[in-house]
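Several structures are given next for inspection.
Consider the two complexes below, in which subunit A is the common component and subunit B and subunit C are the respective partners.
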Partner chain A sequence: MNMHTQPQRTPAETALIDAFGDRLSLLPGDGAVMLKRDDAIEAIKHGLPTRRIESWHYTDLRRLLNAVPDFDPAAMTKAVAPIVEGSAVLAILNGKSDAKTPAVEGVTVQRLSEKLTDGSVAPGLDPYGSDDAIGALNTAFVADGYFVDIADGAELEKPIELQNLQAGGQTHVRLMARVGAGAKAVIVERQAGEGAALTSSVSQLVLGEGAEVTWLIVQEQPETATHLAQFKAHIGKNAKLTLFVMNAGGRLVRQEVMVRTTGEGADFKLRGINLLAGDTHTDVTMVLDHAVPHTASTEVIRNVVTGKARGVFQGRINVHQYAQKTNAKMACNTLLLSDDGEFSTKPELEIFADDVVCGHGATVTEIDHDHLFYLMARGVDEKTARGLLVKAFVAEVIEELDDETIVDALEAKLDDWFVTHG
Partner chain B sequence: MPAVQDTIDRVRKIDVDQYKYGFQTEIAMDKAPKGLSEDIIRFISAKKDEPSWMLEWRLEAYRRWLTLDEPTWARVHYPKIDFQDIYFYAAPKSTPGPTSLSDVDPELLRVYEKLGIPLREQEILAGVQKTDASELEEVSDNVYKSGRVAVDAVFDSVSVVTTFKKELAQAGVIFCSISEAIREHPELVKKYLGSVVPTSDNYYATLNSAVFTDGSFVFVPKGVRCPMELSTYFRMNEKNTGQFERTLIIAEEGAYVSYLEGCTAPQRDENQLHAAVVELVALDDAEIKYSTVQNWYPGDAEGKGGIYNFVTKRGDCRGDRSKISWTQVETGSAITWKYPSCILRGDDSSGEFYSIAVSNGYQQVDSGTKMIHLGKNTSSRIISKGIAAGFSQNTYRGQVSAHRKATNARNFTNCDSLLIGDQCGAHTVPYMEAKNSTAQFEHEATTSKISEDQKFYVMQRGIPEEEAIALIVNGFVKDVIQQLPMEFAVEAQKLIGISLEGSVG
Partner chain C sequence: MLEIRNLHARIVDDGTEIIRGLNLTVKAGEVAAIMGPNGSGKSTLSYILAGREDYEVTEGDILYNGQSILEMDPAERATSGIFLAFQYPMEIPGVATMEFLKVAMNEQRKARGEEPLKIPEFLKRVKEAAASLSMDMAMLKRPLNVGFSGGEKKRAEILQMKLLEPKLCVLDETDSGLDIDALKIVSDGVNALRAPDRAFLVITHYQRLLEHIVPDSVHVLYRGQVIKSGDKSLALDLEANGYAGVIGEAA
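Let's turn to the complex of A and B:
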């Protein structure tokens, strides 16, 4: 233990560092943006995180990221139908945003490549900390994405769907959104593709006073893809954010959620479903900072593990010293359905204020035999009964979302997964 | 928020200088030179009259230790320890191996008397009692009624006296200092020492393996229910010494033993290091109950001084249907870093961990447990209660894992934290790892302050605020206190009261 070793670079680390040299002249932005990129690649030169780094304890990226595909200009793919009909679609295909964007009242959309070129997004490019490998990787390579600005008071009737689609190669995108005071919106983040691509995607959201946003991340990468994603949000005074994360694919997936309450009365809800199959590794890591008094949060994560899949949930709630009257609750429930699968969870509470109510619960179990018996006693065969119970276990979380069209769309996704993996 | 303001004011007035065991005793000491080297280890080994295999074992550990780095993952902060500025061996001069209490320095006996550990009375009582075999059996049937406790007293680096040895020997139980065991029972020590916590385990365990100076050894043979509670009292007296004790408890098939350790140290401005290793081995159907009341000097109100308590404790449920239970009441030490663990290797074995960790002043606690499920139908239970007051940081860190073959592993974890004042922190870091689909793990944790409603309810009945809070805190820790042997439950309850004094008005 703890022995000093200066590890040699892995092929993946070397490939990333070499790729940076090759891509440098093609990356948008100079000056401030370039400085951020240089710092970021320096961080990667120090090595990808191993299980020795606490926040990567269950996802040894250095070991798991064993190959990095080259950038592939031919890896084009087409935009897909949005999960909710009538949504305004903003697609990024092979790392490139579309110059033509649909017009939505109260919404200004800019291509991120432009914002990188003019340097206006440079201050937001800093990684989260020294262990933020995804942030560093993305900052080094990010070439495009969207910047979405929703005006104060705007209430969007239809969702905006941001699609990041990739067919092999590498892509590094960033989705930035600012939601004005009192505005209301539903934003869907679709992450999908074909082939063995490497994707890094960082979403940044700032909620103004009293804004209400539902943000859905639907990740359905093929079981050959590596998907490293981060969602960061600041929730202003009396603003409400509901984040829904659905992972239903990918070979190596890490979805980080980093949320900070910045105004009193801020409210955060995280609902997550991880459907794990095959020989895959999926990690959802959340860091939630209650930084001001009188804020609330609830997190519910449901996991279904089949095949040889390995799942991870790490959730840390930090309650800062002055964040009195914080109310935070977190639950992580897992159904482990196969002996070859595994699930690790680390729900953390870090509390520096005394007048708070915080709690977390975590369970790992198999299907309840009593429930199974109940259904089978009514003539339902075992396979169907199991299917029903597993589906009910995750659907419960979806049904909490109050928008019916979204619930229907997500349940359809759930059905698709059970058809292929049930 | 008047209630919060009230709490802040009270915490400001905090006075944690209430450590009643802070006295120091002048006793002629035999010390090794300061610092650590192979020569010092040879010196310790020679002082203890150890066989050469033991010296080799120590040296190997020392060489390994030189290659290790201090762990930094725990949520504790302290200046780097200078291992060359510590006395690794200090022993009271007069007693080169006391055989009875009359050989013991009366000054030493007074120390233990002051601590409330009645070495002499118990021995006298024992002398009066008849010790023929039939009587003994009766005694063992009435363990709890008899309420007697055999004590091993460890003063700085050496065990000064062990009581009730004869009576225990009649039951077949070996209870002595580990140095004595190395000399008298080398085959047992060789077989079990380092088999639960290997010399390469971690930084402090490796250091302990190299320099451990004394500790207790317990061996309960097949089918024997140990006729009384066993207990060790550790006392650190000398300035700048480190205490490195090693405890090894073996319960053979069907055996039962209950063991309690207590610790205190004088008040000093410097920090002192305590790096112990405890190994428990339970064979088929055996049960070991290990209780700790840890009350090392916690430092003064400004956080000056106090003990660094870096301890590795691990129990191995090696046999089927074996059971190991850890109960700890942690009120002392400037820094606590300890994770009493159970390796549930045998089928149907079970592990328990009950903990109360109280921190006040500038204390830092990072404690918890590990339950490693390897065998079939294993179960474990974790109840942890953390109470943070003053400027202290109190962390629960625990791991529960089920390996591939651990079918029907079952765990229940409950950790609650109570915050008193807004300058302290309470943290919960549980790790749950399931690799078997039949595993059933449940974890729940809560953090809150004493609710105004509860306090109001009690105070409305005419009970003053301080007592009301003590009452509520005692209710909060009840689940754990119940697990302690009766005499120590009373002691623990008082200790918690003392530790929290000043923080609650």
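Let's turn to the complex of A and C:
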């Protein structure tokens, strides 16, 4: 995975390599899948990425991943209520999918373990380039998840909620979804659990022509868990994807977003909220490829940093040579509420086309004292007033989603976080 | 109700003294107008009454119902019944106006040991107050003051004043940025709140507002001091002859 030969393996690297040997006979997959797994573990044998690898500069995984828990196949956990009432819930409990899934018209669901066994998902298991530690880790160990197919023209009335709930130990899951031409869906990806777990979770989405998808990632791992996640999408002609990411937990979190516009008229929105507390590290890294002409994207990330939390946003937009008339705008705004917290932002625009509009901006601020005074001058005590202003700072991004049930559900999640950390 | 005694105050950041020995008494039920040229300390006085931390009182005292308020923070002053209608109300994105009104009303009720308002009662009060100020309820669905015109912001301030029912109302240049119709609506809103147990401190540049909100007393502020006090005829005199004469007399 990287060109530097590591002098000595870390305990985490050794634990992962040993675990692969132990687990191999239990992992589903035909010959093609098992070959991908072998390649992936080879990459890990070369060492986890360090700060010398550019894309991992702010998240030195080799240093930060200092322990890897054992697998705990006997651990139990239960599905939880979906954030939007009435959603069809597809649960993955302690890394295992459920044989019984709710029937939704226009939607076909298969367990990923079956798709690994028959080898049909093998082509999708390749990591994203040579520095893709999360992709490699997941490909080596992935045992289950779901494959969701939404038929052409299907318009889902209620969201589908994919729940990945860990129970401690290691879990490696993959969620694959194909959304057919003209189909419309809201998909919620819940990432949570109870233990000092190591989870890797890779989501892969393909949007057909004219499809419209809102995908919400709600990550609320406990402050003991390491959560390594990836979201990959291809957006077809005239298709629209809104990806909302909310990080509100975890000890060591990296959420990668890799999106590619593959058809003219494709539109991508990334909206992210990072609520950071305690002694934690959270990294959102996006690589967006505008690969064809006439596509648009906007990215807005809002961060609230308290305690000794550290946050990272890397946003890379590649505009390919023929991707004329690309329109891309990126903003990352941070509210820094403690002297010990920090946030690093790294926007990168790589533009090979000559007729494009691209921009980015980043700010770091404290609570506006004029605003605080105004609220207090109406009788709102200082703590409540601060809470209102911090919530307002991130709620702006949620309210843009424009769907009342989703906005209410996410604001309730926001309130949960403020009750615990406010 | 309000007694300001030999007040001296300066800007915390650079130490500039703005208020230099100000004395003023306002009784319950009284409408007192504060007039004065630019830079005389009118807005500073309003901020100091509301408890803004950018200013530091170095000497003197402010008594409200006989108690010093200098150690109280802005929220405590507000819940005790002091209200400042801002000259430039803040736009606060992300804070929904209705949510803000509900929180502010209930925080004040809580401080007075009253139960929070039930939603229907809250909505009824807001609707009535908005109607009396010819405000569209749709405006209140927006974030606080965001995208409001100057006049709408001033109306929103008076709306808050009506809903919070304060005892000492400080109006900082509430007439600025208002056209004549809006001025009438806002003034009617203020006049409707006049009561024997409520006092007003109306800060303004111009006599115009005082034609609509007729004051019981008029005080001229210059270089951080009240240099002359009188009845409403003083305002007319200032309008006709400017501040120069009054300032000359005092010097």
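Definition applied: the second predicted complex is superposed on the first by the 416 of 422 C-alpha atoms of A that agree within 3 Å, B and C clash if a C-alpha of one lies under 4 Å from a C-alpha of the other, contacts with A are read in each partner's own complex, and residues count from 1 in each chain.
Basically, a residue touches a chain if its C-beta (ideal position, glycine included) is under 8 Å from a C-beta of that chain, and two chains touch if they have at least 3 such contacts.
Keep in mind it's a predicted model, so treat the numbers as computed, not measured.
Taking subunit A as the reference, the larger set of touched residues comes from B, when subunit B and subunit C are compared. Judged by the touch definition given at the top, the superposed model places A:370 against subunit C, while subunit B stays out of reach.
In the superposition on chain A, A:396 makes contact with subunit C only, not with subunit B. In the superposition on chain A, contact of A:407 is made with neither subunit B nor subunit C. In the superposition on chain A, A:353 makes contact with subunit B only, not with subunit C. Within the complex formed with subunit A, the subunit B residues making contact are 1, 3-4, 7, 67-71, 73, 200-203, 404, 417, 419-449. Listing the residues of subunit C that touch subunit A in their complex gives 50-53, 73-75, 77-79, 83-84, 86, 89-90, 92-95, 100, 103-104, 107-108, 111, 143, 160, 164. The touching residues of subunit A, when paired with subunit C in their complex, are 369-371, 373-382, 384-385, 388-389, 391-396, 399.
Those residues of subunit A that touch subunit B in the complex are listed here as 1-4, 54, 57-58, 321, 324, 334, 336-339, 341-366.
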